[in-house]
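Here subunit A shows up in two complexes: once beside subunit B, once beside subunit C.
For the complex of A and B:
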């Protein structure tokens, strides 16, 4: 009985969650039908859907998504791996931490978008500057979270590893990394989220391909349906990335809980 | 402590070292003294001050609108379970869209004016504030609520006297995060929504004229201002926190 009760509540919750999106759609459609705004400002929801389908059919959308994803992946890998290694080293060596830590914190004070013009001056306006820009966005959450995770590994684990005379590689892979993993995964999630925002920013700033470019180009041609479709696409991709990493995070945490259980 | 104090000094020394040896071309990284010279000349012409004032006004208006809206929304979905069920899913879905992505749409709606810049900053300040207010409200220990109902607190008094004070640390975290976000988005908004004044304009002017010194002056100014404001908020948070703990002891 309690199970069916639970189910009914879930149904009710899902219906409640639909209220706002439906209201927005109704308001949107009626604003269009009543011609409150010009066609330049607001197009019907269905037109946006059709545009999306059209863009997908001609292959424009897929190409732009692929070039954005390529950028985000290379920038993320570059930035997150650098952040990971630096965070790991800082967590392991207090000397490096004291030397580099304040420097990184000081650099974090710079709003990263302010670096865009600098990066363009240094690396030109092509692909490299975008990847570098994205990697800067990916770097900071990764370095801080890895550092926090590594320095947060309980001292008794470290001591135990020393008692068992673990060699450095084994110490790293069996004690430090598993202990720091939840924090590292959080770092990866934030880092990927920021990479996604930065790729859109970089493409709005100036580019010849990508979802951000598609939106800028559509804005200049006053094609608001494409701008809205683009917004929808970047939202969906950001959402998907987040969901995938949340699933991974859950897996990792489940493993950790069972591991702790055995230790106790 | 000593290490962190000497950091700027070491940084400038290092900078001086690599530039003065000619190891790095001045087009890539100019000499510190040239950057200081440009900074002083911009400062004395009062142009820098104008950029700073305009940018500060933008960031403050956006930030204040954003946190006010975020606080109200967070409180609403925090206090009411039905409210949460109705609004939270849509809120979380919208949150997935990177803030920068809103810029083209907002520009189409409002044109290249002051409003879209402030609006983008407000949206970016809204999310962390709403989330942190919500978690703060939801983490108020239920004993507090029970005690308050024993004393016969009415709803408004309960919110004002119990829930908000207990949620304050989380709310302050929200304010700090929102402020940080506002600064990041300010520069993006100034670069992407063209404007004649503002620190972002100063930076992109520097880029267009290949004036590396000016680019660096802009970046350092933004960083310093953001740093000062974060420090101020943290100080304020400490004062509030101290007041709260004294209040609790009484």
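For the complex of A and C:
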């Protein structure tokens, strides 16, 4: 009984979350209908929908999404894996932490979009510079969260591992990594989220494909409906990624929640 | 009892921690020899260094003065000949109860592991909870799982730091019986820290009484009774009040007031 009650609450929450977006849509549509703004500047939602359908039908949209996703995937894999290993090493070795920790923290303070001109200078304007740019976005959340997770594994569990003679690989896979996992997953989520933002940013700096490219190109031709359709697509994809990762998180971290929802 | 392996000798052992840049003497000149297969209970007020003493024997505290020897060799780190049930249960929250019990088993086949885990879960009365997570257990169940984990590894010396602390009176007595049974069967050394005087007498060949600031051994009392012991026998009660006396809680000589 309590389970169905829980389900109903979840549904209620989901419906509540839809109210504000719906209100915004209504306000948006009425603002255009009442001619408060020109249709050229504020395209009505229905037009955006139509544009979206058109774009999808020609295959342009899918192609652009695929090429953006490809970049995200390479950039994310590069940046997140580098961040993961560095964070892991820093968490395990306080010496390394003291050497590179402060540097990484300082670098994080630099707005990464400011690096784009430099990256273009070093890596050219083609794919490589975009992937590098995305990987920088993906790197920071991963290195910090992994570090925090690994160094935050409680001493009592480390002691337990020592008592049972756990060493190197076994120690890492049975104690440290599972203990750090909640934090690592948070890292993955932020890292992927930033990768997705950075890909659009990278594509704004000149490219021949991608969702960001589609929007720049449309803006130049003053096709605001396509720009807005692009925004919509970016939002939906980012949202979907987050949801998928949350589902994975729930599955992987099932040990954290007990019968009554207490955290361990 | 024949002298097997794992004789524990503690000689002139002292230990201090640095707290706020000042040394804090926690243990002072501890001397005790525990032959293999002995059951020793330790009681003493909170903060007198019982856990610290166990941690030294376990090998987690290595910075001490004096000697802590097992079979004549200085203890320099943890080893699988020693096992512990920590004061906090320390089950790994990301492993199921079964996996936790199997945590110390290394180099055993899946089947062997399975058999050992089942056997030990049954022993502590947790058969149905093999695939539960620790956060789904009560405090007492978690303690019992921790006991199963320590036993599964078959240590020569088992250290028990208030292992039955959060059990209800009935389960507690049952677990005391089980511990005694396991001890008689496995013939291992057990060192039990407890706050329960009755438990200390019921299980111990010796009861070590510690007092605090700094922690010293105040008295070691031999318990000569045959097992299983009768908690309500006259001799049992007498030793109990003798020990309580040590804590100035005796009731044998109440003050007599007169007006």
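Basically, the second predicted complex is superposed on the first by the 234 of 264 C-alpha atoms of A that agree within 3 Å, B and C clash if a C-alpha of one lies under 4 Å from a C-alpha of the other, contacts with A are read in each partner's own complex, and residues count from 1 in each chain.
Rule of thumb we're sticking to: a contact is a pair of C-beta atoms (placed from the backbone, for glycine too) under 8 Å apart; a residue touches a chain by one contact, two chains touch by 3 or more.
A quick note: this is a predicted structure, and the numbers were derived from the prediction, not measured.
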{"item": "First (subunit B), second (subunit C), both or neither touched by A:16", "value": "first"}
{"item": "Partner chain in contact with A:238 - subunit B first, subunit C second, else both or neither", "value": "first"}
{"item": "Partner chain in contact with A:179 - subunit B first, subunit C second, else both or neither", "value": "second"}
{"item": "Which superposed partner A:102 touches (first subunit B, second subunit C, both, neither)", "value": "first"}
{"item": "Subunit A: partner with more touched residues, subunit B or subunit C", "value": "B"}
{"item": "Subunit B versus subunit C as contact partner of A:150, first or second or both or neither", "value": "neither"}
{"item": "Touching residues on subunit A, where the partner in the complex is subunit C", "value": "156-157, 159-160, 162-165, 174-175, 178-179, 181, 254-259, 262-264"}
{"item": "Contacting residues of subunit B [partner subunit A, same complex]", "value": "3-4, 7-8, 11, 28, 82, 85-90, 93-94, 96-105, 107-109, 183-188, 191-192, 199-200, 203-204, 206-207, 210, 212, 215-216, 218-219, 222-224, 226-227, 230"}
{"item": "Touching residues (chain side subunit C, partner subunit A) in the complex", "value": "58-60, 77-80, 82-84, 86, 88, 90, 92-96, 103-104, 106, 133-136, 153"}
{"item": "Residues of subunit A that touch subunit B when the two form their complex", "value": "13, 16-17, 19-21, 24, 40-41, 98-99, 102-103, 106, 109-118, 120-122, 196-197, 200-201, 204-205, 212, 215-216, 218-219, 222, 224, 227-228, 230-231, 234-236, 238-239, 242"}
